[in-house]
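Pasting a structure here, questions to come.
Going in written order, the chains are labelled A, B and C, and every chain counts its residues from 1.
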């Protein structure tokens, strides 16, 4: 747990934002001392952070489930990859075809994935499309699970599936709040866990574990006044 | 002079002190009874087995800061708890605790006054107490107490109608409005009116629960959903006065139930000579015992039942109890005429 | 109360705040209500007051240390959180867990279910006004916490499972105590039923309140008894059996009407079914090791998985991404059942009275530690 603390006043966030949006070239954030979230005991000179999930293809001889084949038949160009690991099937689609795939998975008789268990994301900063938005689906009638993944870059639009599964409402709000994934068409784009006027997306890999420090609280009294004014306005 | 001034004054002083002391110790009794129902002990630290807890509470409340909201109507704000408490206390003037007793060579009736419209007096004075609630909510100058107090007063007024209807059927049975007269009527009939008018008793008791804002009708005051109800802005002794008023009302309802339905100071089977050995227990002890049973019933119900929602409460009052009470009056009147 | 097309008076909607500090919101939850008279016209649920960043913390904690952090999410049902996490990691590492460990895990999980439902029953009943049930339910919960204390030393945050099994074998005599507890609890559930199930006031307060149909509940992401009350028989113990559930006989309680009363009945029946499972587990407890063959340094191979188990509140899922090199997860995500169930609250309370809002928050059964993480 050797996490070096960023010193107050160190210009880490602007640098990290720049590193994040610069994207592919830098394998590591420029300031190793500020790299918090990449785990464990590796100090600044450890191994390079992973550039993406493994997404192993199904081993030879494994029967691809019928609904995935039906999906591939229905939307030939949509599916970028099919993955299988420890018994879980994952379908990686492109963001612009997500809605079609989602509706197909929800409605076709062989799939009937009516229950959206989870919407979440992982952050792989070295990759161009840094976010992996993951949709975990479950079929209450067929009792099967499948995951749908979408790769998206910082700011890339990902269509919201709230119209298809209303359960996605808060789940996508949380992904927006903590990662900053741009969900288009979401009915209620507000922060959910962090305070409304928070800046930054905490779950990103380049966001320090201890928080942004004094850089956000430039003038704590102003911030406090703003909060008090908002609270009284809310109540009245 | 002695008979007309000193003795009544003495009775008033004794009664007032007794009532206030009882009301204070009712708080302790409530906490203890509810605790025992919930398999715990209740107050145990202050005094032996918690016996001095009410004194500690009273001292605490007297020493608390007396806060008045700045924009509240000061006079009304101060007057509201008084308007709530005083009617609850002056009702005790007509409650008959016992028949005439021999004290110091004088036959002294154990009640302050026996007016021939006793029941009417009780009902009308008790209704004045509702003003205390309304004015408390109004004077607090705050949304939630206002809403809660309006709700509470609507509840009280609705159940007042049902209760008064049952009293009408009682009056038909007894032929008199005087409280002592009703007890005498039960003695002459040889039967407690409960056995003759069970429906009236049930309606009266349920209405009594609603009148005193007790569970399961305590939504206006156990207003956890919003705030503390009409007494949100009150602190210290003023707050205490509301609670004293509530407990005093509880005692009033219990005493009235005892008097009207259970024979007041009469022993069970008053006309059966075989049981005359029970006469060694004086009448006022019977009265207090019966009243105590009703008070215990109030506490028991509070510990057991969930709370009604406001609309269900009003529906119960208007659509169930009032028609039942009116039907009861009609049946009683019919029985009286034809039987 | 009536919605006339042409209201006689000019009325405004009243905005009321059921603030983060509130006796009935079971934690720091803020609900902003828009009322038209007594009826709720709209609402907004504000959460995040208890957000501690557990997901980000776990990215810098060792795989075994994370078990401690999982306790603190749904602190009312900590053993279930532990179980879900350990099972997910075992799935990633394809570890074999001995049968005895599965049985003891099942016993702990079901005891935890009973404890969580005791707390739910007590607080739900108290919100509706039946104060006494609160004390009775907590009295039984104390017995369960005593059992847990004897097993792992803690009453609330157990840290009671390890990857590959359990840290400790059960103390001698513990299974006999569990059996005695089952007998006692069976009577007590009867007592709760006597006090509430046919009580006219309880029926009036809960029947028809917060009705949600099965398909709608599935679409909005409800799980657990809140979903089963609406007639959908989704239970991870039956759909995707884990631990030793496939070896036991038990039923899943499913309601009909989808209102608060049915959710109440479902949970009450779950008491009984959990007791049934515990009895079977204790009777059939096999001998053997309590922890499987686990490498000294836990390092799952690179990859990601999602594994869900049935917590007392609903489906708790863990989505864990390992990168195969560092000794901490790359991404640790919990799918909290309370978070997804709470999403349904605005839909449920719309059109109801203010007094029903508290009943519904209790009926959904949320724990803010899990909602906010």
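As a convention for this text, a residue touches a chain if its C-beta (ideal position, glycine included) is under 8 Å from a C-beta of that chain, and two chains touch if they have at least 3 such contacts.
As the structure is a prediction and not an experimental result, all values here were calculated from the model.
Student: Among the remaining chains, which ones contact both subunit B and subunit C?
Tutor: Touching subunit B as well as subunit C, we find no chain at all.
Student: Taking the mean of all protein CA atoms as the centre, name the chain whose own CA mean is closest to it.
Tutor: C
Student: Name the chain whose C-alpha centroid is most distant from the C-alpha centroid of subunit B.
Tutor: A
Student: In terms of C-beta pairs in contact, which two chains are most connected?
Tutor: Looking across every pairing, the one with the most contacts is A-C.
Student: Centroid from C-alpha atoms only, then distance subunit B to subunit C, rounded to Å. What do you get?
Tutor: Spacing between the chain centres: roughly 45 Å.
Student: If you average the CA atoms of subunit A and of subunit B, how many Å lie between those two points?
Tutor: 64
Student: Using mean CA coordinates as chain centres, what's the subunit A-subunit C distance in Å?
Tutor: Centre-to-centre distance between subunit A and subunit C: 26 Å.
Student: Which of the residues in subunit C come into contact with subunit B in the complex?
Tutor: Residues of subunit C touching subunit B: 1, 14, 16, 18, 22-24, 38, 125, 127-132, 134-136, 139, 195-196, 199, 201-202, 204-205, 353-358.
Student: Could you please specify the touching residues of subunit C with respect to subunit A in the complex?
Tutor: 15, 17, 32, 47-48, 51, 53, 55-57, 59-62, 91-92, 94, 215, 218-221, 232, 234, 239-240, 302-306, 308, 315, 317, 319, 321, 323-331, 333, 335, 339-340, 342-343, 372-373
Student: What residues on subunit B touch subunit C, complex-wise?
Tutor: Per the touch definition, subunit B meets subunit C at residues 34, 37-40, 143, 215-216, 218-219, 222, 224-226, 303-312.
Student: Within the complex, which stretch of subunit A touches subunit C?
Tutor: Listed in rising order, the residues are 1, 3, 36-42, 47, 49-50, 53-54, 56, 85-88, 114-118, 120, 122-123, 134, 136, 138, 140, 143, 145, 147, 165-171, 174, 178, 191-195, 202-203, 207, 209, 234-236.
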